[in-house]
Amino acid sequence: MNELKNILEQVKDKKLSIKEAILKIKKKPFEDIGFAKIDLHRKICKGTNEVIYGASKTAEQIIGIIKTMVSNKQNNILITRLQKEKKDIISKKYRIKYFSDAKIGIIGQKNSASSGIGIIVVATGGTSDIPVAEEAAITAEFFGNKVVRLYDIGVAGLHRIMAHIDDIMNASVIITIAGMEGALASVVGGLADCPVIAVPTSVGYGASFNGLSALLSMLNSCSAGVSVVNIDNGFGAGYIANMINHMETKK
Amino acid sequence: MNELKNILEQVKDKKLSIKEAILKIKKKPFEDIGFAKIDLHRKICKGTNEVIYGASKTAEQIIGIIKTMVSNKQNNILITRLQKEKKDIISKKYRIKYFSDAKIGIIGQKNSASSGIGIIVVATGGTSDIPVAEEAAITAEFFGNKVVRLYDIGVAGLHRIMAHIDDIMNASVIITIAGMEGALASVVGGLADCPVIAVPTSVGYGASFNGLSALLSMLNSCSAGVSVVNIDNGFGAGYIANMINHMETKK
Amino acid sequence: MNELKNILEQVKDKKLSIKEAILKIKKKPFEDIGFAKIDLHRKICKGTNEVIYGASKTAEQIIGIIKTMVSNKQNNILITRLQKEKKDIISKKYRIKYFSDAKIGIIGQKNSASSGIGIIVVATGGTSDIPVAEEAAITAEFFGNKVVRLYDIGVAGLHRIMAHIDDIMNASVIITIAGMEGALASVVGGLADCPVIAVPTSVGYGASFNGLSALLSMLNSCSAGVSVVNIDNGFGAGYIANMINHMETKK
Amino acid sequence: MNELKNILEQVKDKKLSIKEAILKIKKKPFEDIGFAKIDLHRKICKGTNEVIYGASKTAEQIIGIIKTMVSNKQNNILITRLQKEKKDIISKKYRIKYFSDAKIGIIGQKNSASSGIGIIVVATGGTSDIPVAEEAAITAEFFGNKVVRLYDIGVAGLHRIMAHIDDIMNASVIITIAGMEGALASVVGGLADCPVIAVPTSVGYGASFNGLSALLSMLNSCSAGVSVVNIDNGFGAGYIANMINHMETKK
Amino acid sequence: MNELKNILEQVKDKKLSIKEAILKIKKKPFEDIGFAKIDLHRKICKGTNEVIYGASKTAEQIIGIIKTMVSNKQNNILITRLQKEKKDIISKKYRIKYFSDAKIGIIGQKNSASSGIGIIVVATGGTSDIPVAEEAAITAEFFGNKVVRLYDIGVAGLHRIMAHIDDIMNASVIITIAGMEGALASVVGGLADCPVIAVPTSVGYGASFNGLSALLSMLNSCSAGVSVVNIDNGFGAGYIANMINHMETKK
Amino acid sequence: MNELKNILEQVKDKKLSIKEAILKIKKKPFEDIGFAKIDLHRKICKGTNEVIYGASKTAEQIIGIIKTMVSNKQNNILITRLQKEKKDIISKKYRIKYFSDAKIGIIGQKNSASSGIGIIVVATGGTSDIPVAEEAAITAEFFGNKVVRLYDIGVAGLHRIMAHIDDIMNASVIITIAGMEGALASVVGGLADCPVIAVPTSVGYGASFNGLSALLSMLNSCSAGVSVVNIDNGFGAGYIANMINHMETKK
Amino acid sequence: MNELKNILEQVKDKKLSIKEAILKIKKKPFEDIGFAKIDLHRKICKGTNEVIYGASKTAEQIIGIIKTMVSNKQNNILITRLQKEKKDIISKKYRIKYFSDAKIGIIGQKNSASSGIGIIVVATGGTSDIPVAEEAAITAEFFGNKVVRLYDIGVAGLHRIMAHIDDIMNASVIITIAGMEGALASVVGGLADCPVIAVPTSVGYGASFNGLSALLSMLNSCSAGVSVVNIDNGFGAGYIANMINHMETKK
Amino acid sequence: MNELKNILEQVKDKKLSIKEAILKIKKKPFEDIGFAKIDLHRKICKGTNEVIYGASKTAEQIIGIIKTMVSNKQNNILITRLQKEKKDIISKKYRIKYFSDAKIGIIGQKNSASSGIGIIVVATGGTSDIPVAEEAAITAEFFGNKVVRLYDIGVAGLHRIMAHIDDIMNASVIITIAGMEGALASVVGGLADCPVIAVPTSVGYGASFNGLSALLSMLNSCSAGVSVVNIDNGFGAGYIANMINHMETKK
């Protein structure tokens, strides 16, 4: 608000004409008034300015963004959908930790896992869902959450889910990741008493139609408490889980 | 086969020239030769000529078909998708037992349930799936099967399924009927060691797209042993289950 | 757990043979052992056994369920998708408060709104989305949340959203409800720093394809922090928002 | 059940407190009671733990699984969707028989074909459907079934089907495999009096939409007795056919 | 061409200025030159100006069109998709023959059936397809074709098709009409040696998706010689069949 | 801008403390600063605040909105998708001119048609498209455009289009409205040298899939200069056409 | 018929018992009686046994089929969807004429073009449609038809169509081939008075959805006389056009 | 019109018989009479004959077209969807300026930007949309428009849009280009008072279904004034924007 106050003081002191003041206020209304607040706020809580979506950017573009971020004191940076080739180029300039399953690169370090309300469970139906799951898990860890991984617990073998009933029942948030028929979300959603984020994956063939089957299945879950993100969107799920797992820090 | 035999005897007895015989055999080759075998065979085993699909027929048309069937010694007749109004008209001519949930009418009586290998379980995810389930169950009963109904055991409450684990594990065939996310087929398929016929239903709203969600889900079931019939096709499932449950009678 | 304890005590006291004990434990494993825990737990936290989905049930069936619930000390009951005609029948037996926009009936009363972390904002793109929004809002209120309604703030008039920037930025959870192009979720998701539950609605015509357009739009939201429920699923959104807004009560 | 008996005996002998007993029983309810039974049962009858789905696993992962299975006395192993490259690596460690059309590898040997009720017919519409058909046929043979292959008997040349009328009419189960319009299932279903498993294939172009056309066609079959599995899912069909063809072994 | 000749003669005779002539020629270039030929031609051969598509027109609008046509010496008129209510109003002004199955009304009379090359066969898979079939058949008859109706010869009972093998093999053109899996087109196309027009119908339920299943099936027919018209478009099929059956009259 | 100027003058004159000024500016930033400009601007040029979308509003709600608009000196109001029943109720309070084809009601009067650059042509493929066309035409007239209606000039009879070649070539903007195959847009787009707004309609049956066919066809138009609005969105097309036809008034 | 005659003679001569005769007749009913007639007939008229669909066959398989055909006096062979690489291998064994645009190979020679009723016009909307058009054109030529090619006459430039109005109006059959919006079929269908076979192509991008747009457009053609084949199915169109263009040879 | 005038004068002067005149007029009716006007007209205003769609043409074909155009005094030529490899070949014959992002090549030069009414704004949601945006921008520049590029102003960060509010509000036409949820069109459409052309892009993954999500979203825009072109069709948008921005030149 300082800049607005400044303008007004200059008006009051007649150092600035009213016409000039109107122009100034009009010119940057959003940064100075409403939106500045937003951006400040975002930096503290939301963390999205710590994230680079690497999919459609060149290594050079990513390096440019890192540079700007670092110069703005953003030392911990999460880069998603980062192909190995790009990572190799970036690593010549910046020390980067690379998670090849998740296709995530991290500059700096993950936040402390002690800050969340509880534990985030990341569960998958099969082993083919693991890359998406790792994207979710490492995203959640980056933002400071403890993550328990329950991989390959698909509903065709219910005992595999049941073997982890304690983890499921004690979780703060659960991310269920499955392709094919996507039934995991409903089964886990029925057992858990916490929010469940469902991630359909493009794993499958034929009538899975690249994840459509799992997507529709999850949207129609008969278990209350299940919400859905885009197909293969592990990052999105990890990000929302982090938000929910840090709810108490708000007040 | 009588007619063919007749022709041959006439040839043998020289009452019929070879040319005339060829003509006769050519003229009705299918009824008399190959297909007659089929039809005879079907009558004994397959039973579809005991069934009338009532959906798009008028009461009068149905009465006409019944008449023909009865005159052909077909005394037990199953009429599916029979609306109550049509049933009321038919019942003036024929004694008909009507199952209003299943929208099935039966002339004559069901076959004895003692003939099958074992028990057919008909399971539904919710209460709204019951009309489809009843169509399946009564069809199965009509053809002589013992049916156990497990209704409203959707995967959101796994304990409801588990309470019936014995029925599921002892079944000869299981018909799983579910709308929405259709996960029941996979969960039951994972528990059972018998063939599972999955029936998606049009129960649901929004992204269930009139049963598409459940259909895709069931086709993508990660449980081996699950095959699928058309949306809301309770009759088809009951019919197949009957076939499977009478496998040993073949030899 | 009492029953299991009982059995064990009887074994200890030799009033029950080991064989009999095994039988008893096997017979009701789910209610008594594992799942009882679940169900007990659910009653306290999750609340789904307080909810009746009224869409495909007759008034009589609903009355039956209410009866059972009341006899189980469940005095506050939420009935969703309850048509007015059914409500009129039920109200002859039970005192029921009816919300006609939301098509929700409540037996007993809503929980106190003081229990949640913060405020749940329910925002709609247009006035036609209000029935879905009311389903979400009253569900959230029923479970004990303070709800702020921001209706008709569609993105075509950004100033309408901006006029409520404080509510959006202070919310604990936001439910965004929109048909047609469903852009509200992305815009609000970009402004807020809390979880956003997006509900596509079937409002629209032509290429909205009964909500498909809004659904896809919301699933593809470029704003992190947005998850999606089924088309027109106000209840689901309200239920999840409640879960998130009560996160701190878990520890 | 031994472990449960053990716990109870310890209680009886006062070597274990009731509280400790409750904990133990709660902790592993599924393995010890219900699920143990399931898993044991599955091993004997269902055979799915003899199968590795190779599609999304590395050669190394597959070798790891084989190792575990072999060490658990599982000497006959079926590996589906196994690319030649992976097979070459695996064959350095294990003797593996490879079926290049079916993309199936077998460790050990197929079961004896003498165990089934009758013969499984595997029929295709065209020659392009053969890889899927071989997956079905070899799966069925692996589990101990006699298989008759009827390839390239598409409905455009009805005489090709008719030339095999005896095989079709004597089959115990028929697997019909077709892309494009998928009519084979209906025609064969009309001729046969046994269960028909229909496998749509992605063979075709244009409006076949990668198998959607054949899939919908088969789901809408006017022949009773036809159920459907996922597009190109030869394994699933072979597995179900095996189940049905071994029905009499159940009692 | 008379009018153009006229204009030129007037120019030659200097009764018309060049500027006026240009205007006249520009004003009606299409009727007078190219298009006039077309329209004249169409009247003789194509017959579409004898047809009124009644679906979205009021009885009054239809009467108006009939009036114009009659005043232009068009005495035989075919009105398709004519609801009974509209027919009743029209019949007060014009003598109209109404075919209630086909929802066709005919003013005047059908053309003589003797003009075609041969016979048009109209075949349906089931009885529910008859309304579409009658639209096709009566359209074909109206334009002067002999029609043989083969109804309810669906592929599930191949012997029903075979019983009519002579009609199929002697046809000049065959119209195959089927809903559900639409396999009739392929089977008939394989038997016949004449052009086959396939009409998918909206008959069916569930995964027939209002005719989509039959439509895709027919487009993917493996029988050469099959072309397809819109779902339920009996008129279109009858019209094309007529064109083909009158091919020899062209020279 | 007056209010902002006012605030600043009060600051300058020390009638308002800086803190109070900040509060005021923050409180209504959008109306007062950026958005006020927008809204003022919109009122003059864009005209959307003269429009009520009547589809999902009650007559009472519409009356309320009219009241507010009239009190804000908005005397000419366009109400779209207004059913006759609602119109009858509104007409008791306000003088309303109703166009039953277009389902449009107008309070006050249309703007003068003299203001536009040129003429807007509204063309339809068939007579069934007229309601959508009238919605477009009356919308365009309301905003002050001269409209030429070319109805029923579908591409199956090219001479019908050609008869109006002068109108098409002289138009300032053309709105092409067609269902079924929607080819009109491409043909007209090829003839015209002005922007073409294409409106697909839900007219048709079967594979028109409620306008999807025309929509896709128009989006794929090979004629440059064609853009598309939603299915049946006559208002949108009329509104855009008006914008384009008033382009020169901008400078 | 010889074999049947033989059997009957043996019966007459009492060399064969009636029972044996029945068995023999039953065993090969289709080849000997009904279907033999079909196959003979097909060879003369239909010509499909002169065609090899090369897409999914290896060069070796194709060579094998050619060998069989040649040994059966089938000297003129059309091979469709034949990739250049396969052609090169085949050409080492057989003299083959290769059309690289059409991806067609011909062994032997085309039939004389003099046999048809008239001329087949093959028209395309753009230059990208030419490969499909050539498949159609060469197929038609192979079966003995005179073909006129009208390429790149898309509806965006109506004068390009009009420049060929005589060809269109004099054609015996027209094949219209277009991607994108597929409007060519309707425009040509409106001008012509002969059957029009429409071939949608996968040419286009975005909302053409690989030919779906053109397919739906053509199915919804408002021009009577248009029927449709599968996307990119040039062969099918050429084959049907040939059938129609040889109609008079039937009698 | 000269040629027609010539013919008429020759008739008047009796240098041409009427019969010859008819023949001449009939022979080239379209170029000479109606369509000549079109083509002449098009050259001046529409500019499409200055454009080559390069996607499915070989470098050689493109060179051929350029040659013809240049010989017809068309010196400025825009080639869209031109891959670098083809450009390299063409550049050996013609001086060509290549824009690698846009995949556009220009022979000659862009038109002067001073001719339009105002400024065309090209805005994108993200950086991945830039190639499509550049296609639009350079197309608009080629035809003589001043273009302002606003890239990466997606709705998730509303302040990015607001920072450019002046450009948006002062634009003559705005092209909004976005993939994923495509909300940019609605937000910009709500702020602007000029026509908005929306271009959905295939940017995104999963449920973006290659641009379907953005396409539907844009078609359902709640902002009046938005029309839509095909997915990734930057050229089309630039072309229409140019048309609109040159509206005043028409009179």
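By letter and in written order, the chains are A, B, C, D, E, F, G and H; residue numbering begins at 1 in each of them.
By definition in this document, contacts are C-beta pairs under 8 Å (C-beta built on N, C-alpha and C of every residue); 3 or more make two chains touch, one makes a residue touch a chain.
Owing to the predicted nature of the structure, the values given are computational and were not obtained by experimental measurement.
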item	value
Third chains touching both chain D and chain B	A, C, E, G
Self-contact between copies chain B and chain C, residue sets same or different by half	different
Greatest separation from chain B - chain, by CA centre	H
Greatest separation from chain D - chain, by CA centre	F
Separation of chain C from chain D, taking each centre as the mean of its C-alpha atoms, in whole Å	40
Between chain E and chain A, distance of the C-alpha-averaged centres to the nearest whole Å	59
Length of the line joining the C-alpha centres of chain C and chain H, rounded to whole Å	50
Inter-chain centre distance, chain C versus chain E - centres from mean C-alpha coordinates, in Å	55
Multi-partner residues of chain C (at least 2 other chains)	29-30, 34, 37-38, 126, 158, 162, 191, 206-208, 212, 215, 219-220, 224, 230-231
Pairs of chains, among all present, that meet the touch criterion	A-B, A-C, A-D, A-F, A-H, B-C, B-D, B-E, B-G, C-D, C-F, C-H, D-E, D-G, E-F, E-G, E-H, F-G, F-H, G-H
Sites on chain A touched by chain B in the complex	125-126, 154-158, 179-183, 185-187, 189-191, 204, 206-209, 212-214, 216-224
For the chain E and chain B complex, residues of the former touching the latter	126-128, 158-159, 162-163, 165, 203, 205-208
Touch list for chain G against partner chain E, complex	34, 37-38, 41-42, 45-46, 48, 51, 117-118, 162, 165, 169, 172, 191, 193-195, 197, 215, 219-220, 224-231, 235-237, 239-240, 243-245, 247-248, 250-251
Chain E contact footprint on chain H (complex, rising order)	1, 4-5, 8-9, 11-12, 14, 18, 21-22, 25-26, 29-30, 33-34
Interface residues, chain B side, partner chain E - complex	28-31, 34-35, 38-39, 55-57, 61, 200, 202, 210-212, 215, 230-233
